[in-house]
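You will see chain A twice below: alongside chain B first, and alongside chain C after that.
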Partner chain A sequence: MHAIKNNWWKIAGIALVVYVIAGGLLFEVPDLPVLRESIRNIYFHVGMWFGMIFILFMSVVFSLRYLARSRPEDDLRALAAVKVGLLFGLLGLLTGMLWARFTWGDYWVNDPKLNGAAVGMLIYLAYIVLRSSLEDPEKRARLAAVYSVFAFVLFFVFIMILPRTASVSIHPGVDGNPALATGDLAPEMRWVFYPAMLGWFIMSWWLYRLFYRMSRIEIKIREIRENQNNQI
Partner chain B sequence: MGETKMLVVVLLLVIIFLGIAAFLFYIEKRLQKAEQDIQSMQDTEKKQESTKVNGDEA
Partner chain C sequence: MEWRSKFAIGGVVLYLVSTVFITYLAFDGRIALQTWNALFWLIILFASMHAIMKSFIQESENRQLYYYMLASGKEVIVSKILYNSLLMVVLSLTGLLLFIAFMGNPLQTLTVFLINMLLGVVGFAVVLTLISAIASKAKNNFTLMAVLGFPLVLPLLLLLIRVSNAGLAGAPLAEAATDMLIILLLIFIAFTLSMVLFPYIWRE
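Moving on, here comes the complex of A and B:
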């Protein structure tokens, strides 16, 4: 009973994703030209992408909190959130590439939205590289926090603003919010789409917490070892 | 026939996802244990340090 009380939101997340897998692949979808059955990928591709944006936004929140309070935990939280964001981003890219293969004929097409997403991912990979290149923990945390804030802004520019200013893009959502605008999604698909959003948000949050706890344990073990070495 | 195949695919995907979820719960359990161990180690260290300080003062 105690375990259920503590883990109810994780169980809810699992139930939602199971519902999304089953409903997403079995429920009725509109028969649209070109898209056909591949439209079901919206529950996974868009869901994972939204999960990524949510967790990357949280990394900005933790980074700002670190800059305000200088607590090492906030730096660890920001790093864990970026790692999960990268994982979800990679899954979003893979599902998007599969979708592109069946609708546009190729895994990758020269499109501002796709290229922007790839550049955005590279910006966040650079965050990990930047961290590993600095020895001093305090300096690393401060620089990474500042970089993280700019990275999120740049990421947004690359995936949301620049594609809209480009004259040609075959990716949906250039002149609106993909899948969220009233005319973008059939009403029957909303029964799966909204739970999918919530399910992927919960999964990203759960993974973030696990990553954060792992890195915290790693640091504590290192501290204990250093203490023991000092005593010897 | 097609519907049965689809059901098998869905079932397989659900099983894979539940496997991943079970693995996450397993990691969580291991983390909880590691956190408890570290906490008890830190508590023992603190106790030892305070006894040492008290001993030195005496």
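Moving on, here comes the complex of A and C:
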């Protein structure tokens, strides 16, 4: 009983994602020109980006908390969240590229939104590089947190403002958040779309917790080894 | 206090001259508008990277300790940003003159292009100063500076290139006003963030 009580949200997440995969692939979708059946990708592609933004936002929250309280756990949490964010971002890029191939005819087009996505990936890869080039854990945590906050705010401004002012963008969602505006999505698709978003949020949170606990266990193991070496 | 490393500035100016000269030789002086624009911004971007990188990395530990006793973190970052902005304004004007001298002057109206350029280099200075402070604390900081800096400067650069393309084509100031406002907003945000975040890097 205890396990179910604590882990109900994971079960809910699995159920939602299974439902989304089944429903997303099987349910009726409107037959639109050009898009055709590829519209089903919306449940996965958009879900990946929402999940990424959500988990990166959490990462910045942890970074800020680290700067405020200087507790090493917060740094580990921020790092774990960035890793999940990168994974989701990569999947978002892949699903997006596949979609672009079938609707726009090419894997990559020069478009403000796509460039924004690429910049985001570069920023967080740079974050990983920054971490690996610093050895002192306390210093590493502090500098990484500063960079993460600085970069995230600029990145956010970039993806929120720039695509809206650009004169041409073939990526949908120029005036608002794609697929959230009520007129955008066919009613039968909402039955899958909203659960999909929730499901991917839960998945990203769960993955983040796994990464975080893995890194804590690694640190524990290292400490134990060092203690053993000292005793010998 | 920055005048002490005068040779560093000389180095950047020389860098500007030689890159402009190389592009001149490579392109034989006949290039299209867009190429002119792209080359100009590339040169300015790399020059600013070089110039701003120096602001923290080249200082010895002892001198940093000395500043630490004299001024608070906020004062240090603000003065560094102001200095770097000034330096970049001077450098970009020199760069523009050189570029016009070697590559010809396609500018029909100077105002839009000039305002945009000045805004842009101040933007580079604001964003890159904090990055240079971060990079200076790490090993192999020259690579790190580029890795950390480029993705953050890229959005700014895209905007700048767009505006200056419009400026080259002779667009009136009003047309470019929104983009310039966004650039200003970016500068403002980066400046405030630097002020808030820098003390965390500084205290040690």
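Rule of thumb we're sticking to: the second predicted complex is superposed on the first by the 231 of 232 C-alpha atoms of A that agree within 3 Å, B and C clash if a C-alpha of one lies under 4 Å from a C-alpha of the other, contacts with A are read in each partner's own complex, and residues count from 1 in each chain.
Note that in this section a residue touches a chain if its C-beta (ideal position, glycine included) is under 8 Å from a C-beta of that chain, and two chains touch if they have at least 3 such contacts.
Computed from a predicted structure; not experimentally measured.
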item	value
Comparing the two partners chain B and chain C, which touches a greater set of residues in chain A	C
Which of chain B and chain C A:L143 touches, first, second, both or neither	second
First, second, both or neither for A:V157, with chain B first and chain C second	second
Touching partner for A:S133 - first (chain B), second (chain C), both, neither	second
Chain B versus chain C as contact partner of A:R101, first or second or both or neither	neither
First (chain B), second (chain C), both or neither touched by A:L67	second
First (chain B), second (chain C), both or neither touched by A:N227	first
First (chain B), second (chain C), both or neither touched by A:I217	first
Contacts of A:I21 with chain B and chain C, given as first, second, both or neither	first
Residue ranges of chain A in contact with chain B within the complex	7, 10, 14, 17-18, 21-22, 25-26, 206-207, 210, 213-214, 217, 220-221, 224, 227
Interfacial residue positions of chain C with respect to chain A in the complex	127, 130-131, 134, 137-140, 144, 147-148, 150-152, 154-155, 158-159, 178-179, 182, 185-186, 189-190, 193-194, 197, 200-201, 204
Complex contact set, residues of chain B against chain A	6-7, 9-10, 13-14, 17-18, 21, 24-25, 27-28, 31, 34-35, 38, 41-42, 45
Chain C partner contacts - residues on chain A that touch it in the complex	67, 112, 115-116, 119, 122-123, 126, 129-130, 133-135, 139, 142-143, 145-147, 149-151, 153-155, 157-158, 161-162, 165
